[in-house]
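Order of writing sets the labels: A, B, C, D and E. Residues in every chain begin at 1.
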Amino acid sequence: MSFFTSQMRSAFSTSSCLLHIQTCTRLRVVDNSKIGKEAMQAGKPPKVIHVYNKKRKADLGDRVLMAIRGEKKKGVVVGAKHKVQEVLRPRFDSNNVVLIDDSGNPLGNRIYVPLPMSLRAKKDQYNKLISIATRFV
Amino acid sequence: MASWSLTQRGLSRGLRLSASMHASYGRRMTSSLPEHLRKALAYSAMYPDLLPEPDLTRRNYVREMLERQDMLSRRRAIDIPEFYVGSYMSITVSDQNAPGKKNTFVGICIYRRNHGLRHQMALRNIVENEGIEMLYDLYSPIILEIKVLRLQKRLDDDLRYLRDALPEYSTVPWDMEPEPHREQGSVPVDETRVIMKPRPWTQRWERKELKGVKEWGLEDRFFKRAVEVSKPWEKYDLMKEYRCMVPLEDQYVVWKEVEEHRKTIEEEHKRSRRRKLLDA
Amino acid sequence: MAIPPLKIAHRIRPKSMKLRCIQEAPGRVEKLRVMLGGLIRHERIELNSHRAAETRDYAERLIQDAVLYGPHHKRSMEMASFWLKEKELVHKLFKVIAPRLENETRGFTKIWVLADPEKTSYEPGGLPGVHYKNDWVALEIKNNPLPPIRPNPTPHRSLYIPNLLLAAAAASIA
Amino acid sequence: MVKKATIFMKFVNGQVSRGYCVNRITLTNREVIAKRNALFSEEQERQAALVRRVEKIRVKYTGIPKECTMVMNKSISTPADCLRHLPERMLQLSVLAYVNGEPWDMSKPLEEDCELNFAHFKDFDPRKLLTVNKAFWRSCSYLLGFAIERSFKEDHRVLLHSWPAPQIKSGSFVYDAVLPLENWEPNDRELRALGNPVRKLQPEKASFERLEVEPALAKEIFEDNPYKHSVVDSFAESTENKKVILYRCKDHVDISRGPMIGNTGFIRDFGVASVHAFETGIGLVYRFQGIAYPSAFTMSPFALGVLRDRAKIMNTTGLPNELNRAPGDSKSESTTEAEVPDTDDENEQTTQAHKAAQ
Amino acid sequence: MSGLLTRLFSSQLQISCSRLAPLAGTQCVQHLQIREKSTKPKRRKVHPFHWWAPKNRADMSEDLLTEKNQVFLQQVAERIYLAPGESPLNEEPWPIGTYQEGSRRTGIIAKKIGVVPMWLKSGKRVLASMLHVCEQNVITYMDPETYARTRFGFRGKGHGCLIVGAESRDPTRFRQEYLDLFKESGVAPKKKLTKFLVTPNAALQPGTPLFAGHFKVGNYVNIYGKTIDRGFLGAKRRWGMKGGRATHGTTKNHNRMGAMGGPRGRILKGKKMGGHDGQERRLLVGVKILRINYKHGVIYVRGPSVMGEIGAFVQIYDALIPEKRPKEDNMPPFPTYFPAETDPLPEDVFDETVHPFDAPSIEFEQEVQVKRKLKVKARAKAAGKR
């Protein structure tokens, strides 16, 4: 897609102003799952279509449902650029997501970015995901 | 010490004496500031957290005194070294989730905010090509250690524009060793000027009068607009300036306590720090 | 920048000047410059109380800096030359007014509520009564050469009956 | 005597019992008051009738807001009349008149071309201020007598004795009186009730009227009061024209040298603080002490409490011989005032002010 | 007051004024009034009750006292009134009551001076409101019978009433009616007067000073005060309504509340609209005391929601709900704290859950120990179930 060239990027904003992760937010897939890689390379990052909590705003460790390359996939938010910074909650430069299946296992087998330490509190849910992570902050 | 004894007299007698004191100084020492003023300036940069909130409607002297006592007693329990926005630091905290129950973060201090026990600082670093920031309460008891890896200032007092600069400007090596610095004398200023990423940015940085940016990568129309919306008279607004500062007389109360604290506690901390360095 | 406290009761928050020009912020600065220039030039000006209160704060800060740091201090000079458009007023501030107010301990300026001229003529130096123009005051720099606005209204206070009685009571206890 | 009786009957129409007899030796308080008042009125009318032809005088007013000259009636117009031609605020303020630089009662008619000025409680001239203060204190003493005479029931015959020269620093104004009571100790309520007649007078703004009479008439007026009666002659001798000066406020007549304040509206918080009995050659004399302050001032209740408590202590002004004073030696206000040595601070300040003026 | 003053003068001048002894007893007739209560609820009462003693003098402009005389009046006030902390009058000290089940102590007056963060031992950050206990004394005590006869006495339900005053002020500022309220206690006239309901065994002698030692760390208290006065606000700021659009042709509709109509063309009662906001009396129930600085008299209660601005007066008294009433293991002094030189209070006391600032940093235990603790907990649970 030539639409997303570097010259054009200054002309209009894509999703950088979306500081909350909510419906219609575009996320960055940070694992090496096939579908995720393809989506990112094609310049069509996944879009949130549902957040699995009552607030409808995803924080670190929350599950989201995404539309990715014509499919519905679930993912875990592992990084967010929060508008309001909180003590001891890492603020990432991008909104990161790791794709998972229904049972909570990641689709890929490698994660490229550090994960937040608070994710380790949910060890029983994301044991596999935590074990393939290389680094925590 | 002569200047401090003068200050103490000023404190005890209130405004009247200090006014005449300033008047006499004003006449004699025009080229260089008197020592107590210079000291106050240095301390307010060194310990911005110890100053009370300048909003007059919210000030209370009993609260400020008790808050300061708490801050100084926390500083006695743990070594909180002198640092500035732009210094490279490493902070270790207790963390229930971390292996070994300890979590360390290394980064460059990009801003400090709030007064008193609410004082907070933010560190920024690039880890595995991902920019990460951590915010800390300076007086939180879960902080185990604060190390200053490189004591320095930058050209600006707020480095939040590093979020939109190229990543190499906010990268601090994770295994950096603390650099020794001279105990006495002025703090070195790192005069690095950064190159910005192409827009979109988190804020319109071209309107902020930043000194530490080399290449903006913007068209002329942005700067024209920045000039249009700028408020050049604001830097001359004497009362605006006055309203967001703690008056000098109130600062002396703080710095008098800090002076004693430095003499007793911080000297000891410094000695132990030097010993550690030598051992390593 | 460390600033000594003002010796007057200043405004905690700035208030709107209610100017006719559309641009409030630059218009406000422009108006303040005019009033400050007038104050330094004439040493006493008449204006409405709200503007007098705003102008007074700025005048206090300017004179305080002039007294404290003198004409060789870069920032004080910069400020003075911004707020006082005419060069001779800057000179007057540093060379005439600042030395004169060097030992002043309770503020450098004063606001007088102007009294009803009829009423004051019955009681020489009497109390401020109805203002002869609504909300109209005089702002002046202290120790000026002009004749005083109001002489001491009660010069022989100790001879008033309540004071005589209380003084006698104090003497009887002592 | 017949004439006196007719006047009296006319004045107290319907209030006195039918069985009244002129030759009765003792009268009730009310009767005495009415009698004096009637005699005073009569004399006043008589003196007024003496002025047959109205002559004009030029009164030069030299005060604020501006100087002016008024054409007034000789021997009829008083400073109070002049005030009516000035702004109302002057009327509210002025306590005492000054004619040719001398204090002059507000109700005393002007006799010739003169310079007129007024003084008030916050005057700039310290000399005037002191005179005004003394006039205030004197008037308060006078009104204390007014209150004493009116406060007692008819079967208690009150004989007013005298009052000493005004001494503000003594903390209270004083009136001595002889009562047909033994060891009377008024309680707080009674003290408060004693001050009531004057407190009621305050909003009325009753003026003080001045009259110069022959000693014979003065003796007639005070024939029921042996103490006042005995003073008349010595008083008349001390004055220039050998006359006795009488003052009347409402219906109370008393001897005084003056000057008095313009009216009772200038008095605030009039109260009787205490009554002390002391033994003298004429028997038991009660000393009434009071406290008040000019209405030009405000005063906190706390400060007033301090002053009231001080006024409860016995005031020894005018009692030089250790409380032993025969009625014949009694120094009425006129004589005592001259004898008080000028050592107090007020007078010192006055002399300083004199020097400064020169 | 006048009696005290008389004493002062007479002692100096040695003239007896005993004849002017005050009246033996004041006789006043109690008028019982029965009024119909209005059905219209009154939301806010702005003015003080008409039966309160008028407080401040209206006009002080013509006092014109010299400085010397002002100082003299201050000196008199200092001499005749009790100093802060001084014992009350020379009458018999009242017996000190003992605690029984259901006893209710007096409260104290404090000033809110700010909100600061504190950290619990778990590392959690909590906010604490700082309440500065004012200089205060008991002014009067009304027994239950007398109190029941007053205007709002029916609310007391058999309780007596203690009136406490805080912050001494210059007596020359007040009217005589207000000064008379302080005759019984002999203390200087106070700026703030409040009423606390107490049981008769917790009655205190007028003039008794109250301190921060009245409470202990770990107690739960109720806090009563007035909220911040925000003046007249629109519906948007007062109730958080959405307002209108900022753009798209909107005129004069940015801050308006939108539709308010109800059924049958009328507006329902109690509809939220613009109006005066704040300055309302509110009660904060059962907040925990985390820390007390006895030296400076500052109480730290948990939570930032104490009502009022900084410098506002609040009343603190024991929590009334059964779970939070003072327990025997941490019973505060009854009826109040009387300072004793032999047994002074510590300077600064923290609750056991709070991390003191001079203690070393928090380090969490390793997981093995945590697991054992869990097991112990599980066992205890199981035991409880059985």
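In this section, a contact is a pair of C-beta atoms (placed from the backbone, for glycine too) under 8 Å apart; a residue touches a chain by one contact, two chains touch by 3 or more.
To keep track of the chains, here are their UniProt names: A = Large ribosomal subunit protein uL14m; B = Large ribosomal subunit protein bL19m; C = Large ribosomal subunit protein bL17m; D = 39S ribosomal protein L39, mitochondrial; E = Large ribosomal subunit protein uL3m.
On a predicted model such as this, the values are computed, not experimentally measured, just so you know.
Peer 1: Can you list every chain in contact with both subunit C and subunit E?
Peer 2: B, D
Peer 1: Which contact partners do subunit B and subunit D have in common?
Peer 2: Of all the chains present, those in contact with both subunit B and subunit D are C, E.
Peer 1: Remove subunit B hypothetically, without shifting anything else, and describe the chain groups still held together by touching.
Peer 2: Taking subunit B away leaves these connected sets: A | C, D, E.
Peer 1: Report the chain ID whose CA centroid sits closest to the centroid of the full protein CA set.
Peer 2: The most central chain here turns out to be E.
Peer 1: Please flag the chain sitting at the greatest distance from subunit C, going by CA centroids.
Peer 2: Comparing chain centres, A lies farthest from subunit C.
Peer 1: Counting only C-alpha atoms to place each centre, which chain is farthest from subunit B?
Peer 2: That would be chain D.
Peer 1: Which integer distance in Å separates the CA centroid of subunit A from that of subunit C?
Peer 2: Computed value for the inter-centroid distance: 63 Å.
Peer 1: Could you give the separation in Å between the centres of subunit B and subunit E, each centre being the mean of its C-alpha atoms?
Peer 2: 40
Peer 1: Could you work out how far the Cα centre of subunit A sits from that of subunit D, in whole Å?
Peer 2: Between these chains, centre-to-centre, one finds 101 Å.
Peer 1: Could you work out how far the Cα centre of subunit C sits from that of subunit D, in whole Å?
Peer 2: 49
Peer 1: Can you pull out the residues of subunit E that are in contact with at least two other chains?
Peer 2: Answer for subunit E, listing residues that touch two or more other chains: 8-9, 13, 61, 63-65, 73, 76, 125.
Peer 1: Among all residues of subunit B, which ones touch two or more of the remaining chains?
Peer 2: 57, 95-96, 137, 140
Peer 1: So which bits of subunit A are touching at least two other chains?
Peer 2: Touching at least two other chains: 87.
Peer 1: By the touch definition up top, name every chain pair that qualifies.
Peer 2: A-B, B-C, B-E, C-D, C-E, D-E
Peer 1: Quick one: which bits of subunit C touch subunit E in the complex? Just the residue numbers, please.
Peer 2: 127, 154, 157-158, 160, 162-163, 166-167, 169-170, 172-173
Peer 1: Write out the stretch or stretches of subunit A touching subunit B in their complex.
Peer 2: Those residues of subunit A that touch subunit B are 6, 9-10, 13-14, 16-17, 79, 85-94, 96, 112-114, 117-121, 134-137.
Peer 1: Which residues of subunit E touch subunit D once you look at their complex with the stated criterion?
Peer 2: 1-2, 5-6, 8-10, 13, 15, 17, 19-20, 22-23, 57, 59-65, 73, 76-77, 171-176, 179
Peer 1: What does subunit D use to touch subunit E in their complex?
Peer 2: 122, 185, 187-189, 191, 274, 296-303, 305-306, 308-310, 312-314
Peer 1: Which of the residues in subunit E end up touching subunit B in this complex?
Peer 2: Residues 113-114, 116-117, 119, 123, 125, 130, 132, 293, 296, 298, 309-311, 355, 357-366.
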